[in-house]
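Before we start, here is the structure in question, set down as structure tokens.
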Amino acid sequence: METLYLVFIDPFVQMVTAPDFFLQVLWEGFVSGVLYALIALGFVLIFKASGVLNFAQGIMVVFAALSLVGLTALGVPALISFVICIGIMFVLAVGVERMVLRPLVNQPDIILFMATIGLTYFLIGLGELIFGGEPKTMVTEQLLLPTGSTAFDILGGFLILQHIDIAAAVIAIIMVAALGFFFSKTRIGRALRAVADDHQAALSVGISLNQIWVIVWFAAGIVALVTGVMWGARSDVSFALQIVAFKALPVIILGGLTSIPGAIVGGLVIGIGEKIGEIYWGPLVGGGIEGWLAYIIALAFLLVRPQGLFGERIIERI
Amino acid sequence: MLYREAGQYKTSYAADMAVFPIRQDRIGIAVMLAVAFVAIPLVASPFFLASIMIPFLIFTLATIGLNILTGYCGQLSLGTGAFMGVGAYACYKLTSIFPETNILVWILASGIFSAAIGVVFGLPSLRIKGFYLAVATLAAQFFLEWAFIRIPWLYNYNASGAIEVSTRTAFGVVLTGPTAGTVERYFAVLAIVVLMTWVASNLLRGWVGRSFMMIRDMDIAAELIGVRPLRTKLLAFAVSSFYCGVAGAMMVFFWLGAAEPSAFSINLSFQILFMVILGGLGSLIGSYMGAAFIWILPVLIRMVPEALGLPIEAATVEHINFVIIGALIIFILIVEPHGLARMWQIIKQKLRVWPFPY
Amino acid sequence: MAAVAEMTDIRDREAAAPAEVLLEVKNVSLAFGGVKAISDISFDIRKGEVRAIIGPNGAGKTSMLNVINGFYHPQEGTITFEGKVRRRMRPYEAARSGIARTFQNVALFRGMTTLDNIMSGRTLMMRKNFFWQVLRQGPALNEEIAHRHRVEEIIDFLEIQHIRKTPVGKLPYGLQKRVELGRALAMEPRLLLLDEPMAGMNLEEKEDMSRFILDVNQQFETTIALIEHDMGVVMDISDRVVVLDYGKKIGDGPPDEVRANQDVIDAYLGVSHE
Amino acid sequence: QDGELFIPLLTYRTGPFAGSGIPIANGMADYLTMLNERDGGIGGVKIRIEECETGYNTQKGVECYESTKANDPLIYNPYSTGITLQLIPKASVDNIPVLSMAYGLSAAADGNLFPWVFNPPDTYWDGASAIIKYIAEQEGGDLSNLDGKKIGYIFLDAGYGREPIPLLEQFAKDYGFTLTQYPVPADQMQNQSSQWLNVRRDRPDYMIMWGWGAMNPTAVKEAAKIRYPMDKFIGVWWSGGEDDARPAGDGGKGFKTLNFNGVGQDFPVIQDILTHVVEPGKSQVSETARVGENLYNRGVMNSFLMAEAIRTAQEMTGKKVIDAADMRAGMENLNITEERLKEAGMEGFMAPLKLTCADHSGENDVYVQQWNGETWEKVSDWFSPMKDVVRPMLVKAAEEYVASNQPWPERSEPCAQ
Amino acid sequence: MALSSDTAPEIEAPAAAAPAILDVSNIEVIYDHVILVLKGVTLTVPKGGIVALLGANGAGKTTTLKAISNLLRAERGEVTKGSITFAGERVEALSPNALVTRGCIQVMEGRHCFGHLTIEENLLTGAYTRRDGGRRVRDDLDMVYSYFPRLKERRSSQAGYTSGGEQQMCAIGRALMSRPKMILLDEPSMGLAPQLVEEIFEIVKSLNENEGVSILLAEQNTNVALRYATYGYILESGRIVMDGAAAALRENEDVKEFYLGVGGEGRRSFRNVKHYKRRKRWLS
């Protein structure tokens, strides 16, 4: 009886009795959701174009952020470093295409997946060789991003909004919209989906896989850079950050591996869902359930829709 | 021609279905067993046994386990680490409840627990496929990892949250705990791994293995032929997790001596997956090769600068290690996406026609 | 001509004793969203005959086979197989009750060898328990060998001994089709559904394949339902033909009758070009 | 390898804990290098150090141990409670001392039962008791003032963060405060918003933190974000790196941690390091300014303890090249007095320290420092942990440990009581 | 002409007048570094010609076409010897997409439609390399729809859910959308209903006649192929064993017997084929 009360009644009582706090939870969930969506976006782009889960997305985030911080540490103005970093991401995209993807064309997905894990190791090693292991502080202000926070008195309590979080939300939404448009309404977008379906056939109609992959990895690189800045501003920039990639995985399967809007919806569902779960139900089982709650939420959706909310139907025909 | 099958006729289907139909292979395997059971324990240093051979064999077993699921049945799983953890914790509980029982019994029995858990987490595979399933198995990974931390009963309310192996025996020989001898542990591990490899090869050559492969290659067609997808997938999950569980139990009991939940983290899952893929999906020999490669290579890389007397910092070596491993993984995949086992096969094929190119 | 003589022959046979009905399709309709793949179709397949299903592309032939072996579930209508009425069944139940099948887009297990592919057809019959499998001794081994004998017979029959140990993914298309037939045969079905078994074959291979089909039909007394676009083959080897056109049945009867049917000519055959 | 004192250093300069691991590793290595450079080693024998990268990963740490133990190491510094816990049984059988300086298994302070393990100058239980004592101080001085208070405990959910829980729970019972736990899983260190939301809801009067690596800066930032009063947020000594507080900017001002070593370059010993090691380029520190930071100095102190033990052992045995057993004797007879500190150029760097056969930790004095936005400021006097309460608990815990790990290698020659 | 069985296949420019658009000279192909599949194949397609490549299963027809269109690399195959010239340019080293841009496109065996794209999107990907504006592409789309009205009906279905024949039409239509100068057709008639087979060949012919598109056609349906082609090659186990003008091949006794199914006494019935292996004369 006691347990039933704690599980089914008490959390809601809490939500109602401390509405300002509930609002804060929602906001925090929303912000993490948006940030998850940013990482997820990188995954989705590459999945769309090659049918492969790019495991290296997480490390690309770290790599981009570290380059940015590293360059500014050398005295390069932050905004110029940002531009240089875009260049670095382009070089990375070309490099990956040349060294990894091109020789592996038409191989089973799992092989490409594995190769991206290999790439992850490679980048971790390389990054630590270049940048060292110490965590670094994101140059948030130099990038003209807002810092600080505002507290609102609301619902008999208060709500604290970090300005950087607001900026993150706005930027994420703009990026999702822009990329969504680019990849669904253009010739390239169609080509991407074609490549994901069948490498060989795509080649046969004259789609240049090389070009497509560079474009997509470059786009994913830019997404990684932005993600790195936003996440870096929240915690700090270190290799530990690559772990956030695991947060994006449930997001993309929930939203659908191929859907850009899915990334944002998935991000929000997971972000808000896991926050609420952790805050209101987590304490019942000792807390720390965030790590898997996201996966369980995603799994629950998948059991109903195996291709995620907005994913392409998995074709099963004989 | 160094290696060939010409002149070796099989006179019965039984002979044709043997594990190693070619004589050279049979001789090869006999030599390897002799080396493993006799030569290595005689000449190897305790360090070599304890830090190279034992972990290599244990990882091999886990690799075989994952290979059954991923390589043979086509279900990509990233939860291996956690399933190994289930084995380890099960074994830990079992020996602390029944300390007198032969430890080998519990090592094998703990596989049953991880098999059961594997089946539970395999259930979604009915509907979920491919990368979606892979991500779903991460749910198992993270949930179980959490459970290892949050359920203190599992680690006997030990304040450190780690499981620590006490001294246990089998047939009167101390096999676990800090006082256990290296050679004894080595033999225990070797025996279990060889036995379970043999069992796996039996299973995989019969209808069990065939139905796994049917599901892997085309699950719809398999169903139309009369294979029940869910049952078969669950069976694969069970068998695979059984192997992983035993490997996990051995990892803690015969190798590490103690373990924190983080020992069974996602990194372990990836490590095993690497071994599977580099060794070759769907190949038992490949599992050995992959495990050897991934386990021994970093050890070698670490030893190289020392041997050459190069003053390289430990951390730098570690970084370089990462770079090299990452690059090698990509390189091997490019050269032969089907892994070391296939490379070996091609080499054999070339030997067969040697000295001609084709 | 020989062919004609043979056909008259069959009709005589039919007239004498109309064989019992093995499978009956009754008022089956199937739609995917807006697309009506099959609308209200009924026909039957008699024991021991070679029954052809023909029709233009997208007529619903493959869908019909999918309905028969449980891969699609019709919105309406029933299937009666060996007297048992079915509306919904799982594919493995169909397999279990004796329906085997080949596919339009070869659906072999690409990573397995020819031998294993054909052995896989016998999975349903292999039931020696798991623990014997672990040992692969005694009953398990005996069973494996017994089935291997049967499979080797099929391999001999289909003349594919030389590719026994080749992974099927590497085989040329025509051989893949043959392996697929082998796999279906290994199931020892009472009803064999063949979906364009001769597509992509040259004449010689089609002749071989026809031979195999007829042999299966006669030696093993397997009833056969056959989809094929090569009219030469269909007219020569089938006993009765049903013609579908965009989900509707426009003809049903012995080959000559169908060939002469004006609807069929308009919808499907076009100008005869033999 | 005669003519050498071999000390393997288990360090981590990679991975999520590198931020904390690097300064420590630098400090340890630099002090020993300094001895080699300045004095030609200890007692004329050169010290050979070899770093082994663990990544704060327990399993890798054990591998490091296994791979170096054949080369006659004098002592191990696991630099991770998790690794320490696993090395304790192994090292006790292999007869190699383990120095877990202010970390590891608190119960191992009992030298009777853990002859090979040392954890000076304080155990985690000492640390926890010191924080509780300090809080009581803030609340007016008496422990009874804790009654009815709410204290939150945020910790790295690993062997490390869990180590003080039994003590804290006991104290909560004894002194009537409520203890709320906020575990931070190792892989969620950079994403603590849920924990801090909970903190905001629960409004604890004080927050205690057992954080390490990337967990620390994130926690400080998050605390600032929810506007938690920073002067009521107190970390253990491992949460007091400059890089832990700095990233939070102004928000980090007021954050407190325990400490037991001096911060800054104003010690002769640090100056010696600068001249003999850093300037000639024999150090791995990225910039000179990082020498003298809190964790760097902690590393120096750690190496100092080892060096002193070696010195003591040399004196006791008369041998120059000692072995692991001698090393243990050296540790057990370690007596670092004010004079010795002065001699070593470490006056005011640490409290005097004396270990005995029975007491491997010493329950030495600590102090509280506070971040002022730029550096750490000492804001309390040196004060002692709650020795009298903690010690009996330690002994009991040690007995339990041994009981549940039978057969446990016994001390060869019992301590003279 | 190399019709007799005992002379080695010799290379002779077919329909000597027209210049060759495609010239394959003595290529060797190896898969997986070990499997030798083509053992010196030489063939020529004259500009504006329709050339048929015939041969049994596994003879290497697909491999030849893929070698030309450079899709082999994706299958871990490689051309180890010989040369391929398209429109006067050596193309072995080009990427498939460069080749498509130059006007040579392949219709792959086994359809290979993009399953998740709709029929219309599939067709549009065919125009990926074109730079001549949406208008023209629209027009061509209409043209393809007029060739295959069935595709128009199914234009918004995902290709993965269409029937085999529909996919085949889609694959052919997709190639047409690139406005090629040369099409490599791999078994276009596979799985198509009889009247459609005829129609496809009519389309091929009209493209060839009206737009001057050259065609290399790998086909099992020898009968039709030889009716529409001007020249033919017969490939067996990776070697060209016979070549000649289509009309001449049609009259050849071996071809009649083995590929057209007309024995001495007219068309054989499939019902009466006997169970023995006849030997091709050139193999004996």
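Of note:
We just call them A, B, C, D and E in the order they show up, numbering each chain from 1.
In this text, a contact is a pair of C-beta atoms (placed from the backbone, for glycine too) under 8 Å apart; a residue touches a chain by one contact, two chains touch by 3 or more.
Chain-to-protein mapping (UniProt): A, B = Branched-chain amino acid transport system permease protein; C, E = Branched-chain amino acid transport system ATP-binding protein.
These figures come from a predicted structure and were not determined experimentally.
Counting steps between touching chains, the shortest path from subunit B to subunit C takes 1.
In terms of the stated touch criterion, the partners common to subunit A and subunit E are B, C, listed by label. The most distant chain from subunit C is D, comparing centres defined as mean Cα coordinates. Contact count check for A-B and B-E (C-beta pairs in contact): higher for A-B. Relative to subunit B, the chain whose mean Cα position lies farthest away is E. Centroids built from CA atoms put subunit D at 38 Å from subunit B. Subunit C and subunit E have centres, each the mean of its CA atoms, that are 29 Å apart. Separation between the centroids of subunit A and subunit C, computed from CA atoms only, is 49 Å.
Residue numbers of subunit A whose C-beta contacts span two or more other chains: 128, 133, 246, 286, 288, 291, 317-318. Residue positions 12-14, 157, 183, 185, 187 of subunit D are each in touch with at least two other chains. Residue positions of subunit B touching 2 or more other chains: 146, 149, 220-221, 224, 266, 315, 318-319. Pairs of chains meeting the touch criterion: A-B, A-C, A-D, A-E, B-C, B-D, B-E, C-E. Contacts from subunit E toward subunit B in the complex involve residues 30, 32-36.
The part of subunit B that touches subunit E in the complex is made up of residues 346, 349-350, 358.
Residue ranges on subunit B touching subunit D, taken from their complex, read 45-47, 50-51, 146, 149, 156, 159-162, 164, 166-167, 177-179, 256-260, 262-263, 265-266, 313-315, 317-319. Chain contact summary for the complex, subunit B toward subunit A: residues 70, 76, 124, 127-132, 134-136, 138-139, 142-143, 145-146, 149-150, 220-221, 224, 266, 270, 273-274, 277, 281, 315-316, 318-330, 333-334, 337. Across the complex, subunit B is touched by residues 11-14, 50-53, 55, 57-59, 62-63, 66-67, 70, 81-82, 85-86, 89-90, 92-94, 105, 157-159, 162-163, 165-166, 183, 185-187, 284, 397, 404-407, 409 of subunit D.
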